[in-house]
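Across the two complexes that follow, chain A remains constant while its partner is chain B and subsequently chain C.
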Partner chain A sequence: MKTWVDTDLTSILMNKTVSYILAIFTIVAFVTIVILRSTSGFSLSSFTPYKSLIISGFFNTIYVSIVSLFGSLILGFVFYEFSISKSKYLIAFTDVFTEIIYGTPLLVLIVISAFVIGPAFNTYNRNLMGIAALIIYMTPYMKNVYKSAFSSITEEQYMAMDLFGFTPFQRYRYIIIPQVIRILMPPLMNNFSLIIKGSALLNVLSYNELYYAIRVAQSKTFDFVEGYLLMWVIYLVITIPLSQLTKYIERRWAL
Partner chain B sequence: MKLELKNLSHSYDVEVLHDLNFKLDNYKSVAIIGVSGSGKSTLIRLLSGLEKPTTGELFVDGYAVQDEEYRRQVGFVFQNHNLFPHLTLKRNITLVLEKTRGIDKIKAEEIALKYLSLLHLEDQVDKIPKNVSGGQAQRASIARALSIDPDVIFLDEPTSSLDPILTHEVLTAIEELLELGKQFIFVTHVMSFVKDFADYVLYMDSGNITEHGTPDILDNPKTKELQGFMSRVR
Partner chain C sequence: MKKILLSLTVVLFIIILSACGKKEDDVLRIGMDLQYPPFETVNGSNVPEGISVDIAYAFGEFVGREVEIVNTNFLAIIPAIQSGEIDIAIASMSITAEREKSVDFTNPYFYFKIISLVNDDFATTNSLTEDSTIEDLLAIVGARYVGIAAQVSVSIPESYGKIVSEATDLGTAIEGVAQGTSDILLMSANPVVNGYKANPDDTIVVWDAFVASPIGMAVKEGNSELLQQANDFIATFKDDDGLYDQLKIDWEEVLLENLGRYGLDFYINE
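After this line comes the complex of A and B, so read on.
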């Protein structure tokens, strides 16, 4: 028999906001259980003296990620233009470059850029070369984002744009981008997450980003578990608002 | 209008137009007919300046067709409506007028509404292409072509993707446009439309203009190619 209690409970569970709160609660509950079950006591207080180090690590991670995002967005677009150009050399170059990057671990690329390629051109700024490596690493992925998005614009639409004489800027601004922004945003967000997480590898250059900062603090406090949990939470603090922002932009810019 | 083709050849992978030389004067509505693959779509694209010929020259009303000035006054209607799918029918027109012709917003809107009503779309102006019928979208695309006030309007099989009822609807709308005093060059498979609407016909076969003349040639074809074509389309 169906009572009003059942109906009420079902409708509450169907509510989207409630569902999200419950889902988040599930994860939090799991983490709490894990912490409570751990044999050693849990306290973040030992990290207090390293607050400023960790905060600067946090901002450096954001800074590096944003620079790399824009760098790879621009370079990715250049490579996308190469891949659709009339020059057979540029197409071949893009292909070869893509294959090499796909097969290269980011760590290897960072180390080689900072310690081999940089010095070969008299650049000993390791942080700069590290960021450059991150940008180069993301370029083929960004190229693919453009490729999949722009391929949804038909040949005929380009003919119509030619016919009326739209400038390249007008084409992207009024015709291409508004149509592809929905397709563009989700993979773009994935790539940005890759960049943020990938930036942790810059620690091998002793660059003070979040991972490095916390590792330094851990080596003094010896609270490794707490350090990693802290690191995890801070990365989520960066990525989750970004993902929400992306969804907002998607809605705002879409048709 | 005046048409002139000089030693015109065009190739994609193989040659599709073979050294055409042709002159025409004083006709307002020219139909290009022929079987698929005869080169008629290529010819209309070359005449409109959409594509560059491999060799040779084309002139329309004294303009070389690669001339920027000529290309800005060409109206072209594609096989598929080719409207920008994210914009309303009205915005499809005003965007073109504002951005590429420098017409201000109010005037652009006025022009857009004028041509959309001319094609009986006054109730559909705020819909996006996927929310109107194929015939309505094609008529909107004709309105867009007209909105830039072209001297010549090119229609490349404007009804080939439509069913017979929508075809009739679009062709009737085009016939009403003759009053505007525009000139037309069009490719079509609908012979009754050619007879009603064209005052000159070019019949193309395997990359050559095999036969040409007033629409009477459809009833009394001289070449065996056009005879064969007419016996098949009837």
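After this line comes the complex of A and C, so read on.
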């Protein structure tokens, strides 16, 4: 049995926790160097009057992301059904739609939805159209997630379910979902992370999400170094726990 | 399961399409970009505030209509007027011939003197100071101008035959001058001074104005009724206790503190 005294330097450095701490330290050191080179007095004081604006920007980002997540989950499932349907038209439509959305930058999609498509249908609710754009943008990615997940259930399993006379509920609850979830979760969480990061582009619609809130707070003092760093950290505060949660769920629901 | 989800999507679509902006005819929708303090900005609780905001509400009172301030990205203001999304723009917008093609402007109610933010090293090399003239600036060969897309910030140097690189927002343009990737930025006084204050070691302000850009309110082409009301409103500004006097009470100190030299008269006089 190795005691702490027995382990030599090599094994301390090979220790996983230490490695992680060193890795994080490297990044922090880099950021600190950037700060020191950019500005003489690092101070977040110009942002304090805008605290509530930034906080509501933070919550709006989360709200918009969750709404877009569910929207694209639903729409993605619909397009998945189209893509495996017997209708050649629906398959073709899904294909064409996917190609176009893949080729469209999210920013362009947002601007077209809010300033062109919206007014064409008399909708001036720019925020709604922005969220719609985000949903539509993520739909093909969600469709692919469903495709890879559901295709993992082999024919034999379906035959076995028929054999045992499983009800639809039993099929999903005991066979399909447990297997599918493991495959679904990582790309799904990845897509959610994409949504959160993409939501920053809604700032062009003057929607008060996080990026916009910090930009407004910067409009008087132009404290860029502090502002962008603050923005960056807050986004990480949202996305890193999410990815850690994903890994936890993956492990827990593993087969 | 599939049918439920399919019908859910249909419902979702119907909700989206039916959420049309049902605009009540009585509400006056006034557009501005709330990122330019002290004229158009928001306070810490995201409530619009600023000189243009005060003007907007005063206009509402003048015509007896409720006012809704529509926060619109500056580039999107003219399209918003044309599509009917907003009725009038009180956005510190300069009256230019280009813009006159798309919207109708009122008489000017302010004159924004366009001054320059100059990179410090560039200024030293070319012996420029705060009191240099625009002729001094224009005479420098190879000066790199930066401006904000679709604003007089770009069109004014261009009218002198200069090549101007376009930034999409004010912050980027200012950073460009501060970091030395550009030499000169033309803008109205407040952003220039704010940009200087944010980068006191890297920039200087040259106060000699290129032009005094007339600022007007914009309405949809042909909307002569609203245009007339706006012009009547503007005509009252110079009255005793008119809007200029009222604005001075609220904003003179803020402006003086901001600019360090001038108050509201800097904007009122040509």
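One rule holds for everything that comes next: the second predicted complex is superposed on the first by the 237 of 255 C-alpha atoms of A that agree within 3 Å, B and C clash if a C-alpha of one lies under 4 Å from a C-alpha of the other, contacts with A are read in each partner's own complex, and residues count from 1 in each chain.
Going forward, contacts are C-beta pairs under 8 Å (C-beta built on N, C-alpha and C of every residue); 3 or more make two chains touch, one makes a residue touch a chain.
Owing to the predicted nature of the structure, the values given are computational and were not obtained by experimental measurement.
A count of residues in chain A touched by chain B and by chain C gives the higher number to C. In the overlay built on the shared chain, the residue A:Ala160 is in contact with chain B alone; chain C does not reach it.
By the touch criterion defined above, A:Asn125 reaches chain C but does not reach chain B.
Shared-chain residue A:Gln170: touches chain B; no touch with chain C. Looking at the shared chain after the overlay, A:Ser148 reaches neither chain B nor chain C. Of the two partner chains placed by the overlay, neither chain B nor chain C lies in contact with A:Thr32.
Residues of chain C touching chain A in their complex: 1-2, 5-6, 8-9, 12, 16-17, 19-21, 23, 33-37, 41-46, 71-73, 76, 79, 83, 85, 169-171, 174-175, 194-195, 197-199. The touching residues of chain B, when paired with chain A in their complex, are 48, 50, 71-72, 74, 76, 78, 80, 82, 84-86, 95-96, 99-100, 128, 148.
Put simply, chain A touches chain B in their complex at residues 156-157, 159-160, 162-166, 170, 174-175, 178-179, 255. Per the touch definition, chain A reaches chain C in the complex via residues 49-53, 56, 71, 74-75, 77-78, 81, 115, 119, 121-125, 128, 132, 168, 204-206, 208, 213, 215-216, 218-224.
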